[in-house]
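What follows is subunit A paired twice: with subunit B in the first complex and subunit C in the second.
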Partner chain A sequence: MFCPTDRLDRAPGVVLRPMPEWGLAYAYTRARPALTELNATTWLIAMLCDGATLAEIERDFAETVRRVAGGNVARDTLHRGLALLVEAGIVTRTPGATQETAP
Partner chain B sequence: MSRRDRTLLFLRALIDADGALAEPRVEPVRLSVRTAGSIPPKAVMAAAGYIVVVWTWRTKPGISRTEIEEWELAHAATFDVAENAPQPMQATAGGEIRDAESGAVPVRRKLAYHGTVLARRSVFAPPGRTLQTLWGAWGEGRGWLEAVLSRAPDTITPEWLQPIAQSVVDLRTRLMEGDPEVTVIDPSLPL
Partner chain C sequence: MTLPPDPATGAPWMARPMKLTLCLTARCPLACRLCYAECGARPAAEELDTATWLRLIDALAEAGVINVFVEGGEPLARADAETILAHAAGRMFTTLRTHAVTIDDHVAARLAALGIGRVYVDLLAADAATHDALTATPGSFAAATAGIAALRRHGLPVSILAILCRPNAAALPALARLAAGSGADEFGVLRLYPLGRARRNWSELALPLAEQMAALRAVAAALPPGLRLMQSWHPNDANCCWQNAAIDPYGRAIGCPYLREYVDYGDLRTTPWLETWNHPLYRRLRAGAVEGHCPDCASSQLTRGGCRATAYAFHGRWDAPDPFCETMNQGTDLRVLPDRPA
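Up next is the complex of A and B:
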């Protein structure tokens, strides 16, 4: 489960290699090591993970896919894609600071 | 416009053209490493910690094939030094490697150069005149290779690597434009 203030970034040493002719990208994770194929959706999500917060990524992802998916569909798809990318070691999550609420 | 912005525009157009947002998918790739020619069998490469790096470059307008070939000859000569002489390969653990079929111990330079390929179109690059340069390294050569491809020549040790790195810089500044696309073929990946 991700929080809006979480920051998401490509893991150190990951090489993201676009293959535009094939509409996909390859990610090389040196730490594992492994080569992983990303379809256009996960490629887009990986591109947006450049240290931005989840809230920022949600906004940019929804904007990019707005012609083919509504807000809720986009958000659910994004979260499923993020989970896959984190599990594959392509994206890392840094928990955001929790806001203290005054008593 | 940045490369990131161009990529996002491309992805937006690609997804729009599909007319639907595809379910996210990540799939592990099973690599097939060519073992023909000068490259030893994959099991030997993996045991020695061998790695191959392919850089795909776009040539500057007006650069001829002759100029590329002249650079290639000079570049290959920089590898031909006593410190980089062919030697029996050892596994990363230090043990001797023997070919499973012949029983022979393969002999390699620790830093090797495999040549260039000129093409008008490559599966690894957008259409246009491109040049692929291949480097291979094993054992401690892996660290050398990384230094040659990423650091300023005069900062690299051992010193015999510096002409090799300088040759790469010359290629980049005199003959090529933009940044190369990089493919790493690591035979230690599971097949």
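Up next is the complex of A and C:
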């Protein structure tokens, strides 16, 4: 589960290799040696993870896919993609500051 | 993934290579009867030195290579093998093919620490007598199986590779069981390629296509649970030229390890990598213009006509079909390799 203030960034040392001929990209994660194939959607999500907050990424992703997906679908797709990328060690999540609870 | 362009356009599909084989050395402690590299045929001093390999790896990473398969000879026969592997693993997914005869717990621990993604180990038979006869090296079976055990103890994923030939065909199911029992998760059955000592020993090693396919069916039917089978025949007889790149121990760009005796796209000590990638013959082979092809193999491999090295060795033409495919064989007796200059 992600929070809007979480910051998401590509993990240190991850190498992304776009393969425009195939409409996909590969990600090499040295820390846990693996080569992961990213489809075009997951590739886009990985590119958006440049230290931005989840809220910013949600906005940019929704804008990019607005012609093929509505807001809810875009948000679900983004969160599934982020979960895969974090699980694979391609993207790291830095928890954002939690909001103070009103007394 | 999109489909490749029609080869009639003459245009290669990929703009830049993404995977590569480094044939690091022609040195090897074994003397396999089916060796493709003629190990020991040229002085080791002619091989690329450490600094040149490291420079080439940097250039390849810069050009977009993200997946490298390191083989030999026996790569670990080079004193600087771990230096080169570490340099590669820092930049691209790095896998290693080895006979494993020099791998103990210390070596396995270092390979794991370097970040090697997978180790491919050649085992030529399920018993010591047959394996050692094929490697012409007594004790090599025991050393290899000990090496595999060490690799698994240190958590490295292992694939076992077997080159199908007359002496081991009947034992493939037993070899698959040995692979599973050793902790490997993949068993690769590879065809015999017309290179090196395998080429010279062809008539005693090669089987008719029907017997090769029967051996494959037997191992597929008896595959232990949890073991993946990888094989290089129909419908997988890939014409990999469209995506392959390779460098021999002397720094020559050869496109594919199986083309090492047939092509020379340039000397990478003096020629920029992408210039060799655009060599006219390399572009032609990558375009996939082959006379006839198997629809099943093309649809599964996105390629046409099967292996170019094999097609050339049997037919003497780059646009000939690969006879190791049941559809494209057209009566070619695979036991008889034409006496053709390499």
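Couple of notes before you dig in:
In this section, the second predicted complex is superposed on the first by the 101 of 103 C-alpha atoms of A that agree within 3 Å, B and C clash if a C-alpha of one lies under 4 Å from a C-alpha of the other, contacts with A are read in each partner's own complex, and residues count from 1 in each chain.
FYI, a contact is a pair of C-beta atoms (placed from the backbone, for glycine too) under 8 Å apart; a residue touches a chain by one contact, two chains touch by 3 or more.
Note that the structure is a prediction, hence the values are computed from the model and not measured.
After alignment on the shared subunit A, the placement of subunit B and subunit C results in a clash. Of the two partner chains placed by the overlay, only subunit B lies in contact with A:90; subunit C stays clear of it.
In the superposed model, A:44 lies in contact with subunit B only, and not with subunit C. Judged by the touch definition given at the top, the superposed model places A:77 against subunit B, while subunit C stays out of reach. In the overlay built on the shared chain, the residue A:21 is in contact with subunit B and with subunit C. By the document's definition of touching, of the two partners only subunit B reaches A:67; subunit C does not.
In the overlay built on the shared chain, the residue A:35 is in contact with subunit B and with subunit C. Once the two structures are overlaid, the count of subunit A residues touched is higher for B than for its counterpart among subunit B and subunit C. Counting contacts as defined above, subunit A residues 15, 17, 19-21, 23, 26, 28, 30, 33-35 meet subunit B in one complex and subunit C in the other. For subunit A in complex with subunit C, the residues that touch the partner chain are 15, 17, 19-24, 26, 28, 30, 33-35. On the side of subunit B, the complex with subunit A involves touching residues 4, 7-8, 10-12, 14-16, 18-29, 31, 123-124, 126, 181-184, 186, 188-190.
Listing the residues of subunit C that touch subunit A in their complex gives 1-2, 13-15, 18, 61, 64, 66-67, 89-94, 115-117. Those residues of subunit A lying in contact with subunit B across their complex are 15, 17-21, 23, 26-28, 30, 33-45, 47-48, 50, 64-65, 67-69, 73-74, 77, 80-81, 84-85, 88, 90.
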